[in-house]
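The following pair of complexes shares a single chain, chain A, combined with chain B in the former and chain C in the latter.
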Partner chain A sequence: MKRHLISAADLTRDDAVLILDTAEEMARVADRPIKKLPTLRGLTVVNLFFEDSTRTRISFEAAAKRLSADVINFSAKGSSVSKGESLKDTALTLEAMGADAVVIRHHASGAPYRLATSGWIDSAVVNAGDGTHEHPTQALLDAFTIRRRLVGRDAGLGKDLDGRRVTIVGDVLHSRVARSNVQLLHTLGAEVTVVAPPTLVPIGVGSWPCEVSYNLDEVLPKSDAVMMLRVQRERMNAAFFPTEREYSRRYGLDGDRMAKMPGHAIVMHPGPMNRGMEITAQVADSDRCTAVEQVANGVSTRMAVLYLLLGGSEPAVATGNAPAPAASRPSPATTPERGAERRPFDAEESK
Partner chain B sequence: MDAQNAAQTTTAQTAAHDRDMRPVLDAQDIARVLTRIAHEIVERAKGADDVVLLGIPTRGVHLARRLAAKLEEITGTKIPVGSLDITMYRDDLRMKPARAIGRTEIPGDDLDGRLVVLVDDVLFSGRTIRAALDALGDLGRPRAVQLAVLVDRGHRELPIRADYVGKNLPTSLRETVKVQLQEEDGRDAVLLGQRTPQATGQQ
Partner chain C sequence: MSKILIRGAKVLGGEAQDVLIDGETIAEVGTGLSAEGATVIEAEGKVLLPGLVDLHTHLREPGREDSETVLTGTRAAASGGFTAVFAMANTFPVADTAGVVEQVWRLGKESGYCDVQPIGAVTVGLEGKQLSELGAMHDSAARVTVFSDDGKCVDDAVIMRRALEYVKAFGGVVAQHAQEPRLTEGAQMNEGVVSGELGLGGWPAVAEESIIARDVLLAEHVGSRVHICHLSTAGSVEIVRWAKSRGIDVTAEVTPHHLLLTEELVRSYNAVYKVNPPLRTEADVLALREALADGTIDIVATDHAPHPHEDKDCEWAAAAMGMVGLETALSVVQQTMVETGLLDWAGVADRMSFAPARIGGLENHGRPVSAGEPANLTLVETSYRGVVDPAQFASRSRNTPYEGRELPGRVTHTFLRGRATVVDGTLA
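Presenting the complex of A and B:
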């Protein structure tokens, strides 16, 4: 039985709209005196985090707890993984503990796919970010935020993002958020443009369902939503741009640039924000910036994903038929810092 | 056994099946029944001052709205009406693919101290109402909870009974009861038919 969420590309338009509609109802639970539903009682969700990510982990944790699932947090630091355990042995351990779903964040692209398809575990696998590949729940919550802001809470039910123009700005090369968003927003009918310095545009972007631009000022007046990506300083060791100051000047969003956007347009940021780098404090604190809303929407969206994958006898969304990520798109499937680390996932692959 | 709110069959199948079904209540009967229930609510609640009507999606919500309109005619005051989705509280969630979630809309501030009247179309196993009571428990503490249904077809599997019944309809388990409402199906009717393997959308 296929029941995984590995890539945003696996979702059909109807699947995606069902998740967004379900998330809309889940969001209403947050307004109640008792913010809890009994739906996943007795099920165990394991958060398996090989990379640090406090916000994604607590978002999944809050989502699972609001649905009454038991949550086990497993982080690589200070665990058996730091003692050299392979992904397979970790997976078998989780299976033995009776995990019904594994939410995995891994520094290697393709690790969730490997976990889901290797036959090591029976549980559902949810990709919470793998290497530079995908981060599908982030794309879903971004689409949810766009639909809420641009179409409306109730007016948006059952609707996609047909014809909305979304611009994604920044380090597209290393960004799994950008990859997932391009796929999902395209599926939902939006017109996506990615804007980045030429050095931060991945090879093979021509096969993505989006436009590419190197000039932010030209694109802004034609955007309904502008998504600023975090400049990942930890990945900038290869000097992708001359100085931070130059990057900020050409690709940062400040008050003057925001003024060029249409009146209804919103500014999005997946967080954490580097104020003064890709976004100024003036923009980050304006009411057009949805960064905080995105966090709240993240919990609702992840509740919807967990419910639709685990709530019934079989998942309501047909996910998990993904081809191997490396084969599906010619994106760089390696992260710069990988070589220096232990790679339990690769060790398994080469056995 | 609780087939309420089960997935609808395709339109073609449903239309073909409807012809084999015997009408039990027509539009006028349904209107009369709702008027009587409205009067009974006013009588038992001594004026319906603190009544809140909560319909169970989908058809229960339409019935609750109609009841609210009739109560307003009788009492002259506006009766709060909302909806209570029970999907997340069902006891058979794991037996079917995950279902789409309906809307829960609580009118006014909260339910504390109010008289909540749950409204549904068909009372069958009672499991839907059990789920509704669980859902209510997470939303507040009503003064009392009552149940109004258009049709009670029997075959209870839990100790639950309705306070207001439109029509008691003795049925066999091989029969299906189907409620059609103008808002949802284009006409008002209660139909009785034989359960067929294809007709999984019946109640």
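Presenting the complex of A and C:
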């Protein structure tokens, strides 16, 4: 794997499968009474959020804390940073604080790439969503969810999504979730179709590794997973679609439409849902909808990403004895924290 | 003033000749001219061009002296071989009154490196609503004949029509920054495959082309001439070609960067590549080169747009648009047009000196290299190859997209009315 996770395109098929397998190991830890691993003890993960997203931030925070990292939440929204202070100055500040990983959410597409490549900072950079560009950990947790549901928790280990048909519905134009998912699901061998009104499909989509359809009803019977994207109501003010009602009628998922899906097919949503807009309550609350699971899977997946970026190549959760810790790298976990050796200088304050 | 003999230069790329400058004027052009009483410049193998003229320069003064001043901008111009630049009106305050254009004109006179011809704003404050006092700017000491709201498009069709008509009274021309504003809200780069992947707001070609189409039709309807700034798409070329074939009085410019660079560079998210209009596709670049060669596009203009480092060293969306260009323009034209065989040096003289001077109404620039003409001259070492080092720029700003890139050719001497402003590649 590369040093940073900026785009889903950074991941090879094997990288992605390794992350999903590692996430399954992490999920097993979550089932234990003590949910913590000492793996990233002594390392600092900064959550640098230039845009509000409590859901994503707490997911990364929980992931880092379960790996025993120290977590600093740097919310730039509303502070001096949101207007005027440069990304560069913030980066230099974080560098001075000794951040080992920076998880960045930014309203500007490309900001994580700049952070990782401009030489301002040495840490690993994880893109937690940039503008309308990418959100690779969301795509990973979505792939994780699909593999678990459609292939199986144990049966899925080591496997990709070969031949699975995934349909992504909604505001593809403005969606970083869609961009990352199209890329990652394609890498994992899935057949991806995006469905949206033509106004919400980007120019140039023809070069994407997916099919494009304007007709949801035609695609549903051929879908193993249907991912509903959040559609902002304000889009109709810019004439992307005439009214909310028209959008729901043509592209929303209700019970009747869900009935057209194959029996095994699942409904996904990255949240937060606009009930009544892209998804009805009946669908959102049905057991085919994985929205809540996706949240839990998000923590396991982000644990896997942080572990693999910061922890290195050792297995995350081994069954034997702990290997000797490498000098410059944290040792992978072997047992939950209670049994782990504690070092005297572990920082505890932000746990 | 003393005499200068430029010996053995290929005038406009042709046969080697001697050119004798006496005072402010070219005294003689020929072979074996006497060097008596003259400083001799050995120019064997070099190309002698008329002093270059840039119809589109942002000098930033008044208002943004942190990025450029008239003095630093004209020093950059002289370094690049220019003897005259047209200063765009989007300063602070906007050059929309006789007072402001006279201030810029006077600063140009004081600089002494390059003649500065101010451009006046078409509308008050560049707001596109009310015509500026165009006549007063023309009647001022600055003698403004080119008017532009550059940076913004004169998008109201009625205002554009009136401006085109009004300036006919004194032989003026409106230079349009063609950008339909509604189609480019939030635009960050060319709209196409790359913008879709990068998640950056798209600036579609049609936003430029639709305005050009409208404006050439307006110019035809009211019998005016119109100039199109920084044409950037293959479609725009087709429209201008069509308009010229119909006899519409339209001229057009292309920037060096649109002749060389493509949108692929934006994948780096390095804001040094952020410019308006945006870098386009390879097909556009090739169409622009061809159009410049066949005369559909009349001139090269730099759109030299200095910005301080902090306005570029940031995330893409927050960065300013624009690139400096005066000091690299001729090299880029050599690489993209001369070394590709599309244009000879006489063609370069036309596109970068004769034609821009004619469009902008400058009488003493863009003149032939012959006896009796003003001694505005540029001597180019075309065999030179060098890597662009922004630290060497005379411009106050460093926002060049060519840093670290090898480009051919360099200006060794520039003469403004017989006075050397650049000697051996160094500002005099």
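The criterion applied here is as follows: the second predicted complex is superposed on the first by the 301 of 351 C-alpha atoms of A that agree within 3 Å, B and C clash if a C-alpha of one lies under 4 Å from a C-alpha of the other, contacts with A are read in each partner's own complex, and residues count from 1 in each chain.
One rule holds in what follows: a contact is a pair of C-beta atoms (placed from the backbone, for glycine too) under 8 Å apart; a residue touches a chain by one contact, two chains touch by 3 or more.
The shown structure was predicted, so the numbers you read here are calculated from the model rather than taken from an experiment.
Engineer: Overlaying the two complexes on chain A, which is it for chain B and chain C: clash or fit?
Structural biologist: Partners fit side by side after overlay.
Engineer: Is A:E25 contacted by the first partner chain B, the second partner chain C, both or neither?
Structural biologist: It touches chain B, and chain C stays clear.
Engineer: Tell me which partner A:G311 touches in the superposition: chain B (first), chain C (second), both or neither.
Structural biologist: A:G311 sits against chain B, while chain C stays out of touch.
Engineer: After superposition on the shared chain, which partner residues are touched by A:G189: those of chain B (first), chain C (second), both, or neither?
Structural biologist: A:G189: touches no partner chain.
Engineer: A:P202 in the overlay: touching chain B, chain C, both, or neither? Say first, second, both or neither.
Structural biologist: A:P202 contacts chain C only, not chain B.
Engineer: Once the shared chain is lined up, is A:G98 touching chain B (first), chain C (second), both, or neither of them?
Structural biologist: In the superposed model, A:G98 contacts neither chain B nor chain C.
Engineer: Touching A:G110, do we find chain B (first), chain C (second), both, or neither?
Structural biologist: So A:G110 only meets chain C here.
Engineer: After the superposition on A, what does A:I34 contact: first (chain B), second (chain C), both or neither?
Structural biologist: After superposition on chain A, A:I34 lies in contact with chain B alone.
Engineer: Now for A:G131: first (chain B), second (chain C), both, or neither, which partner does it touch?
Structural biologist: In the superposition, A:G131 touches chain C alone.
Engineer: I want to verify one number: the closest Cα approach of chain B to chain C after the superposition, in Å.
Structural biologist: 28
Engineer: Using the superposition described at the top, list the residues of chain A that contact chain B and also contact chain C.
Structural biologist: Common to the two interfaces on chain A: nothing.
Engineer: Which residues of chain B touch chain A in the complex?
Structural biologist: Its residues touching chain A are 85, 88-89, 93-104, 110, 134, 138-140.
Engineer: Tell me, which parts of chain A touch chain C in their complex?
Structural biologist: Residues of chain A touching chain C: 86-88, 106-111, 113-114, 117-118, 130-134, 176, 179, 202-208.
Engineer: Taking the complex as given, what residues does chain A use to touch chain B?
Structural biologist: 18, 21-22, 25-26, 28, 32-34, 36-39, 307-316
Engineer: In the complex, go through chain C and note every residue touching chain A.
Structural biologist: By the definition above, chain C touches chain A via 188, 191-202, 204, 268-270, 310, 313-318.
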